[in-house]
Amino acid sequence: MTLTRPDALLEQIVTATRILVHEGVMDVFGHVALRDPTDPGVFWLGRAGAPARLTAADLLPFDLDGAPLEATDAPLFSERFIHAAVFRADARAQASCHHHAAPLLPYCMGGRPLVALSQTGAWMGAEVPLWDSRKSFGDTNMLVTTMEQAADLAGALGPGRIVLLRGHGVLVTGTSAEDVVFRCIHACREAETLTTALSLGPVTPLSPGEIALAGTPAPAALRRGWDHWTARLPRETDTEGKGAQR
Amino acid sequence: MTLTRPDALLEQIVTATRILVHEGVMDVFGHVALRDPTDPGVFWLGRAGAPARLTAADLLPFDLDGAPLEATDAPLFSERFIHAAVFRADARAQASCHHHAAPLLPYCMGGRPLVALSQTGAWMGAEVPLWDSRKSFGDTNMLVTTMEQAADLAGALGPGRIVLLRGHGVLVTGTSAEDVVFRCIHACREAETLTTALSLGPVTPLSPGEIALAGTPAPAALRRGWDHWTARLPRETDTEGKGAQR
Amino acid sequence: MTLTRPDALLEQIVTATRILVHEGVMDVFGHVALRDPTDPGVFWLGRAGAPARLTAADLLPFDLDGAPLEATDAPLFSERFIHAAVFRADARAQASCHHHAAPLLPYCMGGRPLVALSQTGAWMGAEVPLWDSRKSFGDTNMLVTTMEQAADLAGALGPGRIVLLRGHGVLVTGTSAEDVVFRCIHACREAETLTTALSLGPVTPLSPGEIALAGTPAPAALRRGWDHWTARLPRETDTEGKGAQR
Amino acid sequence: MTLTRPDALLEQIVTATRILVHEGVMDVFGHVALRDPTDPGVFWLGRAGAPARLTAADLLPFDLDGAPLEATDAPLFSERFIHAAVFRADARAQASCHHHAAPLLPYCMGGRPLVALSQTGAWMGAEVPLWDSRKSFGDTNMLVTTMEQAADLAGALGPGRIVLLRGHGVLVTGTSAEDVVFRCIHACREAETLTTALSLGPVTPLSPGEIALAGTPAPAALRRGWDHWTARLPRETDTEGKGAQR
């Protein structure tokens, strides 16, 4: 089977990944997936590799069981099932990102829930769910490596756009590359604000009415974020060369 | 109506914005406005867009109701009313900046007031006011999108130069571009110092006499700040290209 | 005695050092050593010097008593004995790094142990040992400058891969350059996560079963890390020039 | 009176300043002074200006009353008296730096003393003195602008190498440019470590014996620091241009 490669979409994955690395969200082990624009049963994701070296040529199509739709001998991300389960569970989701951003990891340790405090964090809702793999699966290697685990995680995500993985990381979904990048970055900013605010005294969370009114980022805001973060990227000729240092 | 474009002033807005982005004060959603040097009923502000891409050509004149003074089909900042209300309420204000700097956001959550601790923070006064939109307007989308809201906010600012917006961000005013940039950056530094100092033990705030004596930044200090921060900006040919990556 | 210089290995030391400086792990005083690929009784380490200026030409062979195996009048690291003792005590260790990374230093002060919280920190085990030079050696200048001290430290390391030095710094070992770099960076990330998580509330550590299952980084993970961090390095022609500013 | 300009010394002031700005120690208002190598009654300091724009041509000679020794219409630092008083009070001091580094400012607020915890901070001694201008001078503008104030501050410094100024900043002295840069940077690192360590639990400070044994940085350590930090500086052709953006 040979799929038409949706080139513009693939460039979006590459740019989204570069933004998330440059803005300090994504480390060695994160990945961004986008659903195919013409076939909702297909998503695109890189072969297993370092985010800082991702190119469009590394992207492969997968079905909603996480199986590659092209013959390949490339190594695959063992956690690709996360994206498969998300795209299967939520028809609105067009984008999915799994990462381990430093500001969010402390909220994956069970000490206190992540709550929405500010205008740009309202989309997270009154409390971000925390998924604990141990509840359904007991001791694991802390990765999500089967469809069964991924489906359980997608269930914990529910109708929201972000879920925390105990002792592991974060899953964020969105309606586009712009949307998922916006949510990834602003979830980090919100967590940073909350962490410091909690050190100062009791915080005033957003009211349910405020969350309802502020809870959907405007398309213009998403576009502005993408414009801002791409403007901040190093030029291709700068230090983020993808093969020169290999 | 066609206004003469005050080119030097417009370059100041662009440079101020670049400084604030580069020094980590301004994120995706901030903006700087300057009052027209010849007509106090006019201020200049960018069309809605990413701070990292702002050019002088993006700047438009507005009246003190927040209405554009040139026919334009450009998207406008929904929060332009903040600047209109500030310039209307305070004849001394020549510059206004709305931002969401990370060190200040935690003080927007109600847990503890922001107080002046140091020589370069004395201008903030004994306690920075915190404006809560919910008091006068109930649940909102947490943005300031009408003259009525903006006038209420300007009232909370009072005779000072900084006011915090609950769950949202910051408003800083000044007598010039240099002045507002200085205050934006040093408010962040003061907040960082306070946050850490509070973790160590009870802090000794400035005395009322010290605040009175240290409370007005000297013109030479403002100039030195501008000189310092412009020297630190990437060259135009460097990574802050404004259109190359779009 | 003249040893064949293992050029590929020496380049690995240089690259590992550049990565650790660039990723904020290594400051002025750290160093990386690798065991010789053909003679397990030999390791390679730089002459005493600044990590940011290290080149392959600076690397010298040492025996497992910390004595240089080539006649040299170069100044030597007074703490080279650390690596000698590690390579002597643990036949599996092929790489050793001593550093003073900011996120880990606070755990060298005795207030609370460093524990594994997350997937990428599981290799550190349930609790990282803290070696206190004062126990066996009383007051010292806080450096490890004899084989006797270094052997005592290697004993505290035990079968693990990381040990903290009270009031001083960190020792990390690994099975390769890739492995030791991975562990150095992820130990920092884990410490940062723990520090913030502890400020939020009681943390949920990894269970013994999780530590057992997640405790060995996969070779593909090590390679991905190296790929990622080398892609992020400034080009040689960029700001990390090694002699231009001298 | 015309003094021979000690060109190598003047370049040291420029380089020291560039290092301190680049490593995050010095902000807009800091300055470095060095004593003249041939006349101990003379020191060199920049005309008032932004650290990021300092060149050797900006440096002027001063006597130990803080008076310029060349006719000049350049603006002068109002706090030049600090250096005059230091060089007058302590014949060993060849270098002096006043700054407001973020990690140290919280310890200027009276909540808790700064203490030595680690090998590279031992030179600070068991407790860093905190000078409060209010004790001798009542309410001021929080600057040190007279010889009388500066002499009082130098008295608080005593035989040590660092003193904190309440609500203001830091004074560090040294025996050379290398020495003062080393102490400025490592005081910041020590403060960061202490701040985080205190959040974890009760810290174990260095013992008096350890402080005595580790308390003098070795000349090789000072040289290594200078080599490391100069290697990290942007090239002259890079973004730290001193006039291009003015």
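Read from first to last, the chains carry the letters A, B, C and D; within each, the first residue is number 1.
Quick note on the criterion: a contact is a pair of C-beta atoms (placed from the backbone, for glycine too) under 8 Å apart; a residue touches a chain by one contact, two chains touch by 3 or more.
Chains and their UniProt names: A, B, C, D = 3-hydroxy-2-methylpyridine-4,5-dicarboxylate 4-decarboxylase.
The shown structure was predicted, so the numbers you read here are calculated from the model rather than taken from an experiment.
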- line: Touching chain A and chain D alike are B, C
- prompt: Upon optimal superposition of chain A on chain C over Cα atoms, what rotation angle is obtained, reported to the nearest 5 degrees?
  reply: 90
Field: Maximum centroid distance from chain C, chain identifier (CA atoms)
entry: B
- prompt: Same residues or different residues: which describes how chain C and chain D meet, taking over half shared numbers as same?
  reply: different
Query: If you average the Cα atoms of chain B and of chain D to get two centres, how far apart are those centres in Å?
result: 32
Message: Counting only Cα atoms for the centres, state how far chain B is from chain C in Å.
response: 45
Query: Could you say which residues in chain A touch two or more other chains, in rising order?
result: 198-199
Chain-to-chain touches, reported pairwise for every pair that qualifies: A-B, A-C, B-D, C-D
- line: Seen from chain B, its contact residues with chain D in the complex are 117-120, 122, 189, 192-193, 196-204, 206-207, 209-210, 212-214, 220-221, 224-225, 227-235, 238
Query: Okay, in this complex, where on chain C does chain D touch?
result: 21, 27-29, 48-53, 75, 100, 102-103, 105-112, 134, 138-143, 166-169, 195, 198-199, 239-242, 244-246
